[in-house]
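Before anything else, here is the set of structures, which you'll find just below.
Two complexes, one shared chain (subunit A), two partners (subunit B, subunit C).
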Partner chain A sequence: MSWMRPLGRALIPIIGALAFSILLLLLVGANPFEALGLLVKGSVGSAASLSDTLTAWVTMVLAAAGLVVTFRAGLWNIGVEGQIIAGSIAAAFVARTVEGPVAVMIILTMLAGIVGGGLWALLAGVLRVYGKVNEIFGGLGLTFVASSLATYLIIGPWKRAGVASTGGTDPFPRDSWLPTSGTLRVSIVAVIVAALAVVAVYFMMRGTRFGLRLKAVGQNLRSAVLFGIPNKRYLLLAFIIGGALAGLAGTIRVTGFHHKLVSTPSGAHGYLGILIVLLAGFEAKWIAPIAFFFAAIAVGSSQLPLQMGVDSSLGGILRGVLVLFVLLFGGWQARRAGTRLAAGSAPPVETVILPASPGGEG
Partner chain B sequence: MSLELRDIHKHFGPVRANDGINLTVEAGTMHGLLGENGAGKSTLMKVLSGFHAPDSGEIILDGTQIRASSPQDAIGHGIGMLHQDPLVFLPFSVIDNFLMQSPGGLRLNRRSARRQFEEVCERFQFSLDPSASTRSLTVGERQQLEIARLLWLGARVLILDEPTTGISAPQRVKLFATLRALAEEGMSVIFVSHKLEEVEELCQRVTVMRQGKVVGHAEMPTPASQLVEMMFGAPVQVEAAQPIELGDSLLRVKDLSVKERLLSIEALSVDVRAGEVIGLAGLGGSGQNTFMRAVAGLVSPAGGEINLDGKQIAGLPYRDLLDVGIQYLPAGRLEEGLVQGLSITEHFVLSNPDTPFFVDWDTAAEHAATAVTANFIKGRADSNAEELSGGNMQRLLLAMLRPRLRLLMMEHPTRGLDIESANWVWSQLLKRREDGTAIIFASVDLDELLRYSNRILVFFSGKVISEVNASDTDVEELGFLIGGKVRENQ
Partner chain C sequence: MRKRSGVSVFLIVLLAFALLAAACGEDTGDGATTTAGGEDTATTAAAEGLKFGMILVGPSNDRGWSQAHYEAGQYLEEQLGAEMIFLDKVNVADLPDKTVDQVAQDMVNQGAQLVFLTSDDMRDGALLAAELNPDIPMIWSSGDNAWAEGEAPAPLDNLGNIMGRMEYGKMMAGCAAALTTQTGSIAYLGPLINDETRRLVNSAFLGASYCWENYRGETTPLEFTVNWIGFWFNIPGVTLDPTQVANGFLDGGADVILSGIDTTEALDVAGQAADAGEAVWAVPYDFDGACELKPEICLGVPYFNWGPAYLKVARAVIDGTFTATWEWNGPDWTDLNNKETTAVGFVKGDGLSAENSSTLDQFIAGLADESINLFVGPLNYQDGSTYLADGETATDAQIWYTKQLLDGVTGPSE
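The block that comes next holds the complex of A and B.
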């Protein structure tokens, strides 16, 4: 069955991670089932909690959809967090300076976020492609720069009237806020944008020549050259697309959630995007459910300290352990596949479980 | 120390790199191991020095069977190997490299090691500064460092794998003097090479390998012609390539120079006519591939002109040259030609310049299935590239060639292929001559070079040392030329 394999790939580590977390809860003397029950209730138990979960989901899905593109191109875009911040700064700039009806503001702030995030990623790309700076270090460095820039704006040029506070700028004018209904915090616009983004990435990677060539570049840069693919251009485009989606996530964080620029607009959800993509095996189609699971844990675990006196870091532990289990399981599978291949073919083939980071341009 | 290898077998998948090797090396002798590229010499030496575990067979040292499961084990038994590219840690200092494998506990005794290092260097007149950075050393000096280290670790059998590649002439003289001195002290030296001249100069005995087997032993001096015959097989009756009317001048290379780390090409000129087949002969790494890659725009030339149909193409990237009809097929079929993880269908889509932005996968799969059948590829359209055997990878690569080409360049078109696949490959290639496509290919198979080329260019350390018409030469002469020698007048 073709669908059993990915399902198994996702389920076995999840069961392993749950078992580990239950053990951990028993060790600290908490009732694991009560804790897990609270997790579920806190994340999807009410309209309000579901709406909070969806808010987190939107950021994670957008970041992860962009990361699928860069990871498929063989680029470890660890700078995604910085790209989210850059996008939110650009969106905040528009929200603070431009006035217009809600629909226009939605489009303008989103475009600003796309440009901001895309350009920020392009910086990492230029460093990588022309400066031979590994994108992991370039991305990390640029994240620090972006985060410092946000802080500078908040306590400097964009400081609140009267008091400079690291808590954020003054709220944006109402017309720049993403519309919500009732008291729920999630905006349907954000959910639609995220869903569209993940579908678009899915079709781009699967159905277009661009996606196929990008995969070829990510899998084997040297072969890609001999297929006549302009690999530098493709690497840079992968950065731009990944950054644009991260920037879009940044826009939605500030226009749909904080309603002002804060110094860590993403709530570190960009880094979670990396874990989501790893879990999804770099396939866009698995992003939405996995991101939902992650968002639910993130939102649900915030209930734990209040109700049970268990630290909310349990959610983080559960996610971290889950990823470790997935990687372990993937490595084990690859080793099995590797020995099988080596038995039947000439020089042992190194099985690729993760995209190899390209060594250089030919 | 005397050494005996008994019935060594080593397979890599279906490739029999070593197939029942027997070899005896007497103490105090220098033993040559000859054979063309891919004959299995390096594999055998890696088995001996603990890098590869043999599938079966025995290694006997002074009458005792030993088992070396790692290079550390091997050097413990006194077997040390100097690799073609010396295995040194470039960021380290000379003395740190020297100490790298030193036995003992956690504490390094730098001072005494330094003294011993200087003793070894003095004995062989190596002038190495212990505190210099290894990066600043030439390849020859890195070798000296490795030799010093292996001797200090107690090597009594010293294996040298193609040690003269990339070192200067004076360094070669010094290396040979060192080896002679070591042999006089009772050490066994195994000298792996495909350069006849050096083996003649150094060795007392020679073992020749071909296709994973030992094909003969010889006491030196043995006439070079006999060694050539052993290396490349008995001269085969070669049928001439079907004559074809050559067209006008197509490719004109003038004073091409390329600089690479180990090799530079200087002032290379060649003219190729439409429909012509040019074979590039020479030891591996003598500049054949560098030359082709420069013409293909994959490495940038340092100088010179490359004209195709009278148009200057030097410096253009490969993807532009593809569109003017130049295509290049590398030897590393999976490393450079195909993309692991992509299916045959995806490969055909990638290679087709007319693929629309939105790929119609159903049609693409049908096309791929047709091409798979038409090219006798053993695999399915949805098979991934890495699942194919070497021969089928080559069939796929040929099937993906652009339909109309001006110039096709290939590294080792039939390396590792069985006869049937090899013949099929050449039937496909020769067909292309009818459209006026010129073919340049590098090969170490002398029969292949003689059978299919119009002209053969013999490369030796970055230069074309000889250009011969395939119909005017034979295996023996070609073997001499490749070894860097011109046949003595008869």
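The block that comes next holds the complex of A and C.
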């Protein structure tokens, strides 16, 4: 059945990670079922925890939606992390300097994030397209720069009066916070934006001329040229769209979660986004549920130390195990796909597991 | 065909999540009731045993700042039969998907009737959590929002502050270092820069200078250097690496490192150098057991004893008499290391010679009977401006809000 493969692709590593986690929990003497129960309870068990999970979900989804576009164009946009940070910085700049009513601030900070993230990605794109610098290295380098820039701003020009701490800037004025209701921390605005982004990417990749051409570029740069697709422009556009969505995620991280600029504003949601997209088989329709799973673990795992007294690193270890299984399974799948490549209808995995060769457009 | 398969996959996943959520929902219901039944509900807990939350910025076993708070929480459990729920490593690097206020909210939702937020870094989260839960008493340790005469009062009826007068502990640390140094060069491994950390560097410097001049009779000025890593502990890629900074101190000629950070790198690095045959020492910070890692080169440790103050707060919460106050508690001068009474103490280490130990006792006695008061002018800031005029004794506010490092300290003030 045609739906089994994608379902298996998502579920097998998750089940593997789960089984391994249960073993791990037994090893540290914790009741694994209590632990899993707490994970679930801590992520979806109450309005408050569901709200916290959705807050994390929003940024993961936005990053992942952007990555679908770049991956489909055959680009390993590892720099997504830096694009989120760049979006955070741009949004923080607006939040700190502009005054206005909440609605205006929402629009302005989001625009700033889109521009910040988009431009940061465009840099990686220009390096790739014109400088023949592989986007993996360009992206990693630019992430390092963005991260250093955030730390510099926090401890330098944007520092709190009389303080030099990497802990973060002063909180933004309340008008720049994404609005919430009651004691719940999630902003409905953020959820709507994330949902719209997924739907937009889904239809763009599926039904539009642009999406189809982008996929053509991703599948095979050379033949795309033969078909008259201006691939440079398409690659750069893919970077800009991916970066803009990542930048939007950055905006929401600072205006809807931290309420200030911190030294690590992205919370590694960009890297998680990459895993989500890998698990999703590069298809937008899968992003939302898979991201929800990652968000639930990220948020729910803090309940393990809180309620069971297990070491607080365990949550991080569980996340790490999941990542490891995704990669292992991805690699295994790529090998299998490699042996079947002759069949023609190539699954997208191998176009991405092996990054497009640098300068391949020439 | 293809299209239908896509839709069906989506539906299946949705269904799976719906089932999972439903299953979990039931779980939660059951879990919540059993937990509540087994661990006392919030309403009756005051009578039977307080449930309180403890939020730590670093690991609960850091042999420093966070462990001192954690052990104070255990002290409350012993003394009151209270139940602690704690979460450690609550900072943006270690816990990227929860904010401080969310963690506090989790604890309140779990039945905590009192929450301790134990880092200067938690100001924003503490204010927000207290604002959103006006009926739950909270303590933001080392903070100043409840100090009406402070520079940044943010009064909330349910958010108080507790801090120890660590100036005295740091003066003792500085004195022990000055008595021991052979090179005449002392280094201070600083965390981030704020009022608190400037205050403590200045205190260590004043103690060191006093003992250098008065007990050793030195006439050449003591070298006193501070370098800051940027946060309370090492965050790779964000802060400077405290191990490297400490090594840099030794390379620069310092032979005693005073720690101002939450963790033990100063003692670790000095210990390695000592193992390699160098004559170096360290003075850790925060936690009474900090010397144990390398006792032979440890001159002693100034530490916080949060237990008594936290116990007082917990009792007030049980009695319903809690009020949000700012408390700055001093050492018990009659019995410096009495865990029932003192807020700040100093445990000597094996690295301190017998002779220096008795000199330090003399210094401590002077602090205790106030014959030695080091926050008396004339004292100048680094830029030459006056901190305290000749004969002027510093007020609490002048000590708490120190604007610069003192003249004689090498290193940035902000």
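Methods note: the second predicted complex is superposed on the first by the 303 of 362 C-alpha atoms of A that agree within 3 Å, B and C clash if a C-alpha of one lies under 4 Å from a C-alpha of the other, contacts with A are read in each partner's own complex, and residues count from 1 in each chain.
Just so we're on the same page, contacts are C-beta pairs under 8 Å (C-beta built on N, C-alpha and C of every residue); 3 or more make two chains touch, one makes a residue touch a chain.
These numbers come from a predicted model, not from an experiment.
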First, second, both or neither for A:L212, with subunit B first and subunit C second: first
Subunit A: partner with more touched residues, subunit B or subunit C: C
Which superposed partner A:A224 touches (first subunit B, second subunit C, both, neither): first
First, second, both or neither for A:G141, with subunit B first and subunit C second: neither
Which of subunit B and subunit C A:S312 touches, first, second, both or neither: second
First, second, both or neither for A:G16, with subunit B first and subunit C second: neither
First, second, both or neither for A:G330, with subunit B first and subunit C second: neither
Doubly contacted residues of subunit A, that is, touched by subunit B and again by subunit C: none
Subunit A to subunit B touching residues, read off their complex: 207-210, 212-213, 215-216, 219-220, 222-230, 341-349, 352, 362
Interfacial residue positions of subunit C with respect to subunit A in the complex: 1-2, 5-6, 8-10, 12-14, 16-17, 20-21, 23-25, 27-28, 31-32, 59, 85-89, 91-99, 101-103, 105-107, 109-110, 121, 124, 132-133, 192-195, 228, 230-231, 235, 237-239, 403, 412, 414
In the complex, subunit B residues that touch subunit A: 12-15, 298, 317-319, 322-323, 328, 330, 334-342, 346, 349-351, 353, 355-359, 361, 386-387, 389-390, 416
Of all residues in subunit A, those that touch subunit C in their complex: 1-3, 6-7, 10, 37-38, 40-42, 44-46, 48-49, 52, 55-56, 147, 151, 155, 160, 162-168, 171, 183, 185, 257-260, 262-264, 266-269, 283, 285-286, 289, 292-293, 295, 298-299, 302-303, 305-307, 312-313, 316
